Every structure is written in structure tokens, then in C-alpha cells.
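Next up: some structures, all given as C-alpha cells.
Paired with chain B in one complex and with chain C in the other, chain A is shared by the two complexes that follow.
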Partner chain A sequence: MTAPQGMLAPVDWRVRPWTAADARHLLWRAQFGASGAEIDRALKAGAAASVERLLHPTPSREFEETSTLLRRCAMDTGSALDLKAWWLHRMHHSSHPLVEKLTLFWHNHFATSITKVRSAAVMAAQNDLCRREALGSFPALLHGMSKDAAMVAWLDGNANRRRHANENFARELLELFALGEGHYTEKDIKEAARAFTGWHVRDDKFWFNRGQHDEGIKTLFGKSGNLDGGDVVNLCLAQPACPRFLAKKLLTAFVLPRPSEAAVAALAERVRELDFTMSRVMSELFSSELFFSREARGSLIKSPVDLVLGALRALDGEPNLQAVQRLLALLGQDVFAPPTVKGWEGGRLWVTSASLLQRANFAAALVGSNQCGTIRFLKSPRLRLDASSAQLTKDLAELLLPQPLDPEQENQLAQHHAATKGTPEDRLRSLLHVMMALPEFQQM
Partner chain B sequence: MNTTSNLPAILASRRRFLGQAGAMGILALGAQAPGFWARAAQGAVNRDGRILVLLQLAGGNDGLNTVIPHTRDEYYRLRPSLAVPKGAALKLNDELSLNPQLVGLKELHDQGLLSIIQGVGYPAPNRSHFRSMDIWHSAVPTKEHTRDGWLGRAMDAAANSLVGQVPALALETGPLPLALVAGRTSVPTIQGVQDYRLSGGAGDALEQQRKRSLIGSLANHRGTGANDADDDLAFLRRTATTAIATAKRIEASASHKPTKPYPATGLGRRLETIARFIAADVGPQVYFVSLDGFDTHSDQAQAHNALLTELGGATRAFFRDLEASGLAKRVLLATFSEFGRRVKENGSLGTDHGAASQMFLMSGGIAPTIHGSHPSLTDLDEGDLKHHTDFRQVYATLLEQWLGWPSEPALLGRFKQLKLG
Partner chain C sequence: MKTLFLFLAALGLAQPLAGAPPIELPAGALAFLEVNDLAGQVTRVRQSLLSKLITQSPEYRQALEAPQARQLLAGMQFAENLLGTNLVKVSDAMLGGQMVLALYPREGRKEPDAVLALRVGDAAVWQQLRGRLQPLLVLAGAKLKRTAEPGGVDRLQLEDKVFGLLRPDGLLVASRKDLLDSAEVLFAGKQAPALSASSAFAKFGEQMGRRHFMRLGVDLEAMQKRFGARLGVPAQFDNGGASLLFQALAELALKSPYLGLTLDLDDRGFDFAAGIAGGPKQVAPEFRWYFSDPASRGAPPLPEVPGLIGGLSWYVDFAGWYRQHEKLLTERAQPEFDKFESGIKTLLPGREFAEDVLPALGRSVTLVAAHQQFKHLGGGLPAVKLPGFALVFDLAKPAEGGDLFALLFQTIATLTNFGAAETGKEPWVMVAEEFEGTTLSRMRHLRAPKGAALPIVYNFMPCGAQVGSHFIFASAPDLCKGLMTALKKPAPKSANRNLLIQLRPGQLATLARNNGDILKAQFVQKGQDTATAQRGIDTLLQLLQAVESLEHYSTVGEDRFQFRLEGRWK
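Presenting the complex of A and B:
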């Protein structure tokens, strides 16, 4: 198998040094924020070992036990709120945060909402599928989704019957899950829908309803035969548009908001070469020149989850899961309840004047009260409360912001800190609040 | 038919200018000054533009007992217990009266602020609340379409000129109404003024003010990417500056006392908030608000009377307030409901799900008109009134003639418009 070339070639860390800024960049993209201790650890370990650790961490039994309890609670109550709390806890505490990050990526890719599915258990099962294949095989995920009970319910699978095809799933499979607009015809959708007739759900489980399955000849992308849903998924995977579609989505989620055609083509080529094996794809991506390039740094607008959990992680915080869940809904990312099957498009669409105010107010609440969770950072031995205002500002900016501030801004912040009254801790809270309310903090 | 006045065209061209010019254009306006993005924020205000307030009457309003065809004998025959007695109804003209609870609307009518569009509906009407409401919101009657709504698509089509603005705002406690769901534009739902402010966080008033002004000043920073329209940090700074300026206006709006009292009802409070936002130039061109409870299957009279009282009282107060602040000309409030109700009353002193009904338009900026005739009470569709005006014709009219937004991308087709006058 060939090695990645050009912009996807791995950075040669002998040529330039691996810095704390590099480590912070990697961690913010591969998990939900990074604490000072995590950045230090990655700095010491080096780039390759840090990527390896993200892919193959040491499991934590304590975490799994708590998570199991939270999940049982959600299954017992059947409440969407408890289900969301279970997942948010995983995002923040999991010993394998990259898996949770990708689980959220797939949840957005196969956006399904509990508001229609109406079952916490069925939504949890879909979430498990996303998690199982998070770093696994995209083909397995795509096949799994076409038989997933939540997906079938969400896209009206049971209405897809012989001689009365419902195109909902087939259309989204082609448009949103595998190929993207412009890479299929309306006829393709009709034929694909026929192949999925009878792919139903009964008692919250996938059920092949043979009597409602269309056994006729269908033609898709020039292939004819008595195709079934599995054949359609395989035909989609074999289309050149499929790795391109996935590559573009990965780049905009993990690397930079407006990837060049060349970058998309290069990653699509790797996705195809690596047979859609996500652990290999992500490993190469997180080691590449493109990932660590200047244009990628701080280029992504944080999703609400990245913002809220990221801030908590950076400040050694413990989230109040109910409050965080409400806050995320307010900021426009209610997990398990994406607004439409298109999911959250992200980027600039996260940002309205109202959501920016709410983001700034979250910073105020986080450092000013225990509303969203408690932060241990203020007691951290790493923190040098007696340092000069200028030094403290520099240290905090390095921990929290993806790019250095302009000296003029840094000055204003240091002056603010110097002029703030109260205990050293009060003054630090004030500085943190302002810094996390900045437009710069909305990026990663 | 194109009866568009040139006001929307001018506004549209200004929006286009701001959109296309982006940061580059704003830079050309004088970039060296401090308070860089504050200039851009000025442009984002919908200061003299027109505003649409969409009022949803959820549950299926009984249109027939709202605007009453008091000359039709069938009305009294088919509604033996629920018909409004001739003498009690508020007469609008020789054919139509308003329900006596709608004294507020009668006042708006007498002042030339009320238009009525009769017989509005759509082909093959669906009698499920959920489905029919989705149809009114998506403006796609032929198939299930929950991906986006008619105003959402309208905003998407104008997205380049709306970047960083709040083009619409829903005063809702629940999720965003489908009508406003868009692919490229996000619309906030807020419950009230308290959501839309920049918090000063911990500390005394002085400390809070210090932080708020520092956040504003740091956001209002030019930076190196200011002349690059693709620069997301510049976009964030611009939006943050707009937001902070807007929040100040909303905060200032808190001291805006309504010029006239509002009734202490849910709708009254929400319309008071909207009037306050409009007066304070907060920015949105579209507001969405809803009044729920119109599903009157049994013992209709009491519940319906209360709802109509709330509707009439709140809208009258809203327009009295807007008139007094000189804003009534810029505002058009349109009501809609997922369907009207069956002509014949049922056996439980109520009415069941029906079809066509009327829409009210209230504005100081259009000529008051009663559009179309009251649907026949004898030529019915499965016991329901037949529509003669497709609701998408009304939407097209509101988009093109009121907001100056193209209707085709919003409605996925062309619809013959009414004459707003």
C-alpha cells in the first residue's frame, strides 16, 4: 500500500520542533478541549506518541462503570434528558475521547432525532453503532445504518412497501450519507428505494418484511438485477463520489472550513486506498502537513459541544450535565435532536448575534458561578497567581486560545487584570471571563 | 402581476450591497477608525425596513365563527347552538361581521388597519393537525417536507446578504417553528428579553460594566484578516460587535415603555416584546409568535371566546402602541391556522377539523381590503369550506410585496399574488 504524499505526508518533526501550540491544536481537534496537564503530557510524548495515544488509550474501568450506571438510568426512565446526560458524560470523561468525537461526527452525518424516533433505547442503539464504527469501517457503518431501527423509523422505512415505494431513506442515503447532491439522478433514487422496500422495523428491531419487498429488476449506476438494500449500499461505496464526499466532510469537521479541491481529492484517494478504515484515515490526517499547516490553525468555528465541553476541560471542570444539555440546546446543538436529517451544517451557521451573546454569557456563568459545572483550574498548582498581569494574560491565552492575541489586545487584557479589584482569584475570574467571551475563543 | 412598490427594492439593494461588499466594502468605507466593526454593525440594523409578524393560531381556528357571514341562513341552520346571534356580531359590512369577542379587531378595522383574506387553503386539504401545520410551515402540500420552511428557504436565498444578522426571531418556548428552519441561516428562538443581553458576570455593577465594555472593545478589533470576506475571525468579530450593539438596543428597549397598555395575556406580553424590539431597532425582519388552544372539539364557545378576546385585545394594543410610536406603517402582522373547522357543529357543542379559513393582515402600511368572497356554505368539500385562494399566493404576496424577498425559492414555484395596495 502506498504512503500518503504531498499535503497529506506526515510532518517531519525533526525539521521543526513539536510545540505546546501543536499539541493544543491536535487535542482540541481530536477531543473536546484540552487541559493544561494534557497539553504538557502530549508535548513531552511527542507527535507520533500523542496520535497513537488518541487512537489506543488505556481504558478506564471507573469511567465505564459510571457510564453504565448513567445509561441504565436513561433506559429505565426512557427520558431524552437522561440519554443526553449519558452521552455528554462520555464525551467529557471517556478515556477514549476521539471515539466520542467521531461518534458525534457520525451522529451529525446520519442525523437522526429522538423527537420523531421517540425511544431512548432505539436512539442509544444507533449511538452504539456510531461508536462501534467510529474508528472502524465506514462501509460497516453505512450497512448498519440502513438496518438501524432509529434510522428506519426516522426516514419512514415502514412506509416503504412493494409497489408503494417511499423514497425518504433512499434519497438521503444518496444525497446525505454516501454521495452528495449532483452524483445521482431522480431515477436512481426511485430504483434504490425499491431495493429497500420491506426493510422495516418491528418491536424496535430491524425486520425484513419479505412480503413487502420488491423482487423485481432494478438498475442503479448502470448495474441491473434483483438488487436489495445491501447491494445499493455497496454500489454507493464503489462510486468515486463516495470517498470524495466523506473526505470533504472530514476535512471541514477536523481540519479547515474551506478545503481546496486538491485537499479533498488527496484525502479521497487515501480514504479509498485505506478501504474506508477510519482509524488509519484519522491517524494519517492527524499526522499530516495539512493538519498542522498555518491555514488550519484556529480555523474552525467551535460547535456548541466543542465550546462548552472544551471550556470545561481546559479549566479542569466537572460539567453539570443537565445544565450543559440545556445550554447546548440553547446554543443550537441539542444532541440526539438535530434539527433536520441534514444535521448541523456547522461553521458560520453556528453563529448568530444571539448565539454569540449566549456563548459569551456561558463564559460568565462558567467562571462566575457553579451553574454549568465546577472548575478546579483556579486551585491548580500550575497556576501562578502571583505572576505579573502581563505574564498571567500570556499564560491563559496560551492555554485557551488557538492563536496568539495581537499585542494590543494582550495589553488591554493585562491592564484590565491589573485594575481589577478583589482577591487574586476574583481578578483571575474576571480575566478568564473576558478572554472566553472573545471572538477568538469561538475558534479552535 | 407586479405591484411591488420601490421601497423593498431599495432595501433589497442595500442588503445586497452589504452582502456582496462584505468586509471589503466595509473596509472601503473607512477602516482605519477605531471601533472598526461598529461601523459594520450600523449597516446590519433594519432601521427603516418592513417587518412581518407571523401569528400562528394553533389547533385550527374556527374561521366561520371568527368572521361571520351573517346573511347566510345555512350558518344559523348548521350551527344551531354555536352560531353567533345576528344582533351580537360586530358588523363589518352588509355581508360580514366579526365575532363579538373581537372588539379589538373591530377597532383596527374601523381605523383602516385590518385586511381579511377569505377562503384560504390548499388543494386536497389534510385534516391532521400535525400534517396540515407542516404543510402551512413548509409550503409543500404534496409530500412530507420537514427539512426547511418557507421563510427558512427565503432567508437561505438571501443568505449572502443576511450573514451575521438575525433575519428572523421566534418568540417561542419550544423548538424553532418549521417555517423558520433554514439550511444556511440559523434563527434564534427566544423567550424574552432576558436571553438577549451581554452578561457582566460576577462582581458589582462597576466591575460588570468594565467587563462588558472590554469584551465589546476587544471584539471590535480590526485584526489582519479584516479585508478577507472568507476570514472567519473577522466574521466573528463583526457578528459579535453587531450582537453587542443589538443587545444594548434591547437593553435600551427594556426602558421603552409601551405607549399604550397591553392586556396581561401571553400573546399580549409577546407582542409587547416584539413592539419593543421593533421600536429599539433590534434587527429582525420576521417575527414568529403563536397562540395555542384552538382545537375546540367540545364546549367550544367558552374556550374560543377567550382565545378571540386574547387575539383581539393583544393585536389592538400592539397596533395602538405601534401607531403611537409611528411604526405601524412598517409592520404587517399576518395570522394563519392549520385549518378552519367543519361547517356543521358536532354533537358536543364543538366543531371538528375542517379546511379553508381566513387570514387576517393587520398593518398601517397597506390599504385595508377584504380579499375574495366568503366561501359557499352549501357547496362544501366533505362538509368543509372550499378554498379559492392558495395560502402560497398569500405567502408570495407577503414575500414579494412586503419584504421584497424573491418568492420562488421560498415557495418552490410561482404563485399569483394578491394586491396588497
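Presenting the complex of A and C:
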């Protein structure tokens, strides 16, 4: 197997130093925010060890016990709100945050909403599949999704019958899950839909309804035979468009909002070379020159989940999961309920005039009340409340912002802190609020 | 919760004292508040098991560590240093007697004048306190005039705004000199026109009693003279629910000379009452649907069913109210009635609500919640164990009403099966069962559910049965059967209650314990760790177990209407 080359070649950390800014960049992209302690630990461990730790962390028994409790609650009540709280708890507390980040990525890729599926258990099972293969095999994930009860319910699989094929899943498989527009024909969709006839759900589980399966000859991408759904998935995975489609989505989500054609082609080649094994793809991506390039820093607009959970993590916060899920819905990212089969488009669309105001309100609520959760940062021994305004501003900017502030902006913030009346804690809260309302804080 | 703990923490620092003779204040007040032996009441509450549970709970101790509590404790320490005695003695002295605050109208001014009178519980400590407070009075400077009078009386005047009198047995403060003078006469036990003799407050005392831990009286006639005859109550309501619940009561209150509230506390519970004068005959006929006939039984007591958690029993002539909705409610509210009638037609095909349903309705409805055993699930158990709920309707025409409700029950069952088909849930079929010689209609799942963690929906198994002039709608067969048995027994003696709400906190604790993990998860969702969440649940369970009962009821008399809220704890 060849090693990644060019922009995907690993950064040579012997040539340039591994800094706190690099550590923060890696952690904000690979998990939901980073606390000062986590940045320090990554800085000490070095780049390679930090990526390794993200891929293979030490499990936490306490977290698993609490997660089990919250999941059981969601299953017992069947409530979408409890289900969302369970996953948000995992995102914030999991000892394997990269898996949760990728689970969210796959949830958006295979966007399915509980508003139509109407079963917390079935949605949780789909979420488990995303989590199980988050760093596993994309082919296994794609095959799993084609038989997933939530997906079948979401895309009307039970209406896909021998004499009357329903094209919903076949169309989305080709357009949104595997290949992207322009890499298939309407005829391909019809043939693929025939292959999925009889792939139904019964008692919340996949059920092959043999009597409704079309056993005739189908032709897809030049191959003919009595194809079934599994054959269609395999044929999609074999298409050159498949790794390209996946590479572009990964780059857009984790590296750059508008990756170059060359970057997409390079990553697609690595995806194929690594046989769609996500742990190896992500390991190479998070070690690459492209990932740590200047243009990648601060280039992504934080999704609501990144913004809210990221701020809580950065400030050593404990979220109020009920409040956070309401807030996320308000900010446009209601987990388990993406707006359409295309998921959340994200990027610049995360920020509208209304959501920008909501984001600023969130900052005020977080530092000024316990509405969204409690933050321990203000009591942290790392924090020196008696430091000068300039020093505090610099320290906070290093913790929270993706790039250094320009000196004039930094000076203005320091002046704001100096001019604020009240206790040292009140003044710090005010500085935090202003900093978190900056456009720079909306980026990562 | 935190505020409650802080309040109790503050109360916890006080100690008891003996009672005090009644204080009289001048006549002409708009309202008054009277508190008797506050220190003694606090002591009795502190000695209760409930109070001990609260003060021993981690949340209480945590509340004492809060910055506000620390500030409070520091402030109390400062006050003790200043007064040269502990605040327990101060509270004994000051709060062991009687305190009355009254508000008086003043011509040309919106804000009322006030008089506060306090008769202390311990004159010796009070004397000592007065000595300690002298330096503070000096600090007030020239704005405060002080005149010492024979008999240990100090007369104080702060500009022309506050007038005070410090006496050996208490103090008087007023915002007007003439009020202070009148109050002084009465305080000394001399004859003068007194507040308690005014017609409104005399009626209050006669109907609700004169000796309570706390009394609040409002002279509604005086208020009407000052703020208008209807006191802001609209002639027509714009919300059906509000009209049904409050409109007739508001009309009766407008005819009443007073509105009175009383509160009594002891180591085993509390009794809160609110009352007005007047009965159903005092209001116009269009408002009489709310009130039970004082001579009849009114709302029935809650049926005694196994595992009863609580419930509500309400006397209301719903048909009487509904027929007059065009008179009682604004034009804007009327379309809601049309929508309601259209909705009812879906559930009762071919029937007209006003023509067919209303005449069949009786004058009471009962809502009951009780634990369920889930025997009907044949071994399966839902993970979340909800109580069974039931509605019992009183029927004016049992034959026609029973058929209508049976039709309604069947339509609802069919509709829920449509919903089940949409969500992939197990459908059910209707079956009839004979129980104690009466037919019970209920549902049965097409396939019996299995497992001990069934979805929440398995808490609901609709049932319907008619027992005499009652129709039962229940969500659980065992509750339905319990009600059928209870309703066949002779009705208990009349208590003439218009509305009755009962809660058995011990049963609520059982419910909470059965669903402990769900509760714990809810606490964790709010940001607590599992250990803290468990402690919170333990405290909640202990508190619920320490409360014996909570009961709210209203009674209708020929000349009075009263609400009561009673709580008993161990």
C-alpha cells in the first residue's frame, strides 16, 4: 500500500513545531470543542499521539453507565426528546468524541427524521449503525443502511413492491448516499428500485418480503442479472464517483468549505486505496498538510452542535441537555430530525440574521445564567482572575478562537474588560460574552 | 426549590414564643393582614418530621452553602452583634405576639396609607432591644424627631412620612399621623371605631373565624368604591375554559362584601382557606350552573379504588353553562364552540351536541388516578409504569347517555387503531367482559405483548362500563373494575362540595419509586451526575412519604362560598 503524497502527506513535525494552536485546531475539528486541559494534554502528547488517542481512546465506565441509563429512558418513554438527550450526552461526555462527531456526520449523510419514522427505538438502532461504522467500513455502513428499519420507513420501503417499484430509496442511494448527481441515469434509478423491491420492515426490523421482490433481470452500470439490493450497493461502491463523492463530503465537513478539485481527487484516491476504511482515512486526513494548512484554519462555520457543545466543552461546562436540544432546534440543527433527506446543508447557511442573534443570545445565557448548563471554567485553577486585562483577553482568545485576533481587536476587548464594573468574575463573564459573540467565534 | 430551602433555613434559626392578645386597628381599611404567634408556629413546623427531613437533606445543606445563604447568615451574625442578643430571642420577643398591617385609602392619592401594629411576645427582651436600637435612631439625625413620654413610650416622626410609637408592649407605625393616633387609642384598649367592627370584616370574622395563625381580609365594597364596581372583571369572558372555571365565582365575588384568606399551621399540617360571602341565589340565574345546591350532595367523594393516587370530583352543570355560552362569552370566543361541535360529530356520528348529548349529561364528573397491576397484559410489563386514569360521568338520562358514551368509546377505539396502523403499533380488538354482573367493554391487543420493558403505549388499554347512572371511561381494566365495584356501593354521606381534589403523596412516592430510573435520567438530562440525581430522588421520595395527604375542596352555602386547601404530614 502506498503512503499519502502531496497535500495529503503527513506534516513533518520535526520541521515545524506542534503548537497549542495546532492542538486546538485538531480537537475542535475531531470532537465538539476542546477544554484548556485537553489542549494542554494534546500539546504535551504531540500530533501523532493525539490523533492516535482520538482514534483509540480509553473507555470510561462511568460514561457508559450514564449513557445506558439515558438510552434506557429514551427506549422506555419512546420520547424523541429523551432520545436526543441521550445522544447529546454521548457527544459531550463520550470518551470517544471522534466517533460521535462521525456519527453526526453519517446521520447528516443518511439524513433520516424521527418525525416520519416515529419510533425512538428504530432511530436509535440507526444511530447505533452509524456509530458502529463511524470509523469502520463505509461499504458495511452503506449495506447496513439499505436494510435499516428507520431508512426503510423514511424512504417508503414498504411501498416498494414487485409490480409497483417505489424509487425513493434507489434515487437517494445514487444521488445522496453513494455517487452524487450526474453519475447515474433515470434508467439506473428504475433498475435499482426494482432490485430493492420487497426490502421491507416488519415489527421494526428488516424483512425480506420474498413475494414482493422482483426476480427479473435488471441492468445497472452495464451489469445485468437478477440483481438484488446488495448487488446494487456493491455496484455503487465500485463506481469511481463513489470515493470522490465521499472524499468531497469529508473535506467539506472536516477540512475546508470549498475544497479544490485536486484535494478531492487526492483524498478519493486514498479512500479507494484504503478500501473505504474510515479510521485510516481519518487518521491520514487529520495528519495531513492540507488539514493543518493556513487556509483550513478557521475556515469552517460552526454547526449549532459544534457551537453549543463546543462552547460548553471549552468552558468546562455541564450541559442541561433538555435546554440544549431546544436551543439546537432553534438554531436549525434538531438532531434526529434533519429537515429533508438532504440533511443540513450547513456552511454559510448555518448563519442567518436570525440565527446570529440566537447565537449571541446563547453566549449571554451560557455565561450569565445556568439556562443551558453550568460552566466550571470561572472556578478553574487554570484561570488567573487577577491577571491583567490584556493577558486575560489573550488567554481567552487562545482558548476559544480559531485564529489570533488582530492587535487592535484584542486591545478593544482588553479595554472592555478593564472598563467593566463588578467583581473579577463578573468582568470575566462580560469579556467571555463579548468574545463569544464575535464573528470569529462562529468559525473553527 | 433552592429558594424554599433558603426560606426554611432562615426560619430554622428562629425559636418559639407564647400567644398574644388581639390588636385592633382603626376602621376604614381597604385590607388587612394579621399574623399571630409567628415564632410559635415556626417552632411547631420545625418539630415536624417533614421539616426534619428537609433540614437533613443534602439539598438543604447545599443551600446553606450557597452565597445567598452565607450572606444571610453573615447578616444575622452582624445583627446579633449589634443587638447584643441572639436572633432566636429577638424573634421570640418580636414575633411571639401579634402583628397587623392595614391599608387605608387616601383621597387624591393612588397609593394607600399603611398602619403596622406589633404586640411583642416578650416585653423584657423588647425593652433590651429598644435600648440597643437607640444609637441607630440617633444616626438618623435631624430628620427623625423623637419625643420621650411617660410610661416608657417613645414617639417618633420621620419627616412627614412616617409616624411611630414605641411602647413597652409593642410598636405602632403609620404613614399618617391621624391614623397613628386612632391606632394608639385602640392599642391601649380604649373604645373607638375599629376595623373588625366594619361590616365587611365583621362578616369575614363571622363566616371564617377570628382566630387564625394568619388572616388576610379585603373589603370588596370599599375596593369597588375606589376602583369601580366590577373591579376589572369583564362582563363577558373571551376564553371558554376560564369562563367555566372562574366566571360564576367572579360574579359572586362582586356581590360579596369581603374576600378573606386564612392560614393555620401546626406540627401535623396546614389549613388554608379562601372565602367570600354569598350563595347561588345572590348571582343572576345565568351563573348558577357553577354552584351545587347547598341542600344536595354536590360533587361526590372520590371512589375508593385499590391503589388510589388521587383525583378530582367536580360538580358542574355543564349543560347549563354550554347553553348560555353566547351570553357568557364574547363574540370572538364563539367560533371555538362551532369547532367543538363539529369535532364531537366526528366522534358521535349523526348526533347533535346541543340536542342529543347535553340533555344526557348529569351534574358531576370525576377523574381518578390509581396504580395498575397490568394483569391484562398477560405477563408483559411496560418499562414506564403509569397509573391508570378514569373519568366517571354522571348521567341525567342513564339509558340514552349510556348508549351515547358507548358509541363514543367505540369510535375512539377505532380511531386509535387507525393511529396504530400509521405508527406500526399492535392493533387491538374490542371485547366484552362480564364483571360482577355488569358488562365491561375493553380492548385486547391482537397479539399479546411480551417482555418486561414494553413501550409506554402499553400503559393504556381503553375500557368503558355503565354502572347505574354513571359511565366509566378508563385507561386500565383493573381501575375500571375497581370503579365498578366502588360505584355499586351506596353513595357516602353528602359533604356538599362543589369541587374536590385529593392527592395521596405516599402513593405518588410508590409511583416515583417504580419509575426511579426515568426520574434519574430526567435529573441527569438537566445536568446532574447520577449520584446527585439519585440523592435528589431519595429526598423527593422521603418528602412524599412524609406528607400524608393533600386535599383541596370548595363548599357552597346559602350565604358563603369557601375554598380550602389542607395538607397533613407525619
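Everything that follows uses one rule, which is that the second predicted complex is superposed on the first by the 444 of 444 C-alpha atoms of A that agree within 3 Å, B and C clash if a C-alpha of one lies under 4 Å from a C-alpha of the other, contacts with A are read in each partner's own complex, and residues count from 1 in each chain.
We take it that a contact is a pair of C-beta atoms (placed from the backbone, for glycine too) under 8 Å apart; a residue touches a chain by one contact, two chains touch by 3 or more.
Computed from a predicted structure; not experimentally measured.
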Looking at the overlay, does A:T374 come into contact with chain B only (first), chain C only (second), both, or neither?
second
Chain touching more of chain A, residue-wise (chain B, chain C)
B
Is A:T66 in contact with chain B, with chain C, with both, or with neither (first, second, both, neither)?
second
Using the superposition on chain A described above, determine whether A:S119 touches chain B (first), chain C (second), both, or neither.
second
So in the superposed three-chain picture, is A:A265 touching just chain B, just chain C, both, or none of them (first/second/both/neither)?
neither
Report for A:A418: first if it touches chain B alone, second if chain C alone, otherwise both or neither.
neither
Have a look at where A:A241 lands relative to chain B and chain C in the superposition and call it first, second, both or neither.
neither
Spell out the part of chain A that touches chain C in their complex, as residue ranges.
65-66, 69-70, 72-73, 75-78, 82, 85, 89, 118-119, 121, 153, 201, 203-204, 318-322, 370, 373-374
Chain A to chain B touching residues, read off their complex:
115, 156, 168, 257-258, 298-299, 301, 330, 332, 339-342, 345, 347-358, 360-361, 363-365, 367-369, 406, 408-409, 412-413, 416, 419-422, 426, 429-430, 433-434, 437-440, 442-443
Show me the residue ranges of chain C that touch chain A in the complex, using the header's touch definition.
382-384, 422-424, 453, 455-457, 517-518, 520-522, 524-527, 529-530
Which chain B residues qualify as touching chain A in the complex?
144, 146-148, 163-166, 169, 175-176, 181, 183-188, 190, 195-203, 207, 210-211, 214-215, 217-219, 221, 223, 230, 232-233, 235-237, 239-240, 242-244, 246-247, 283
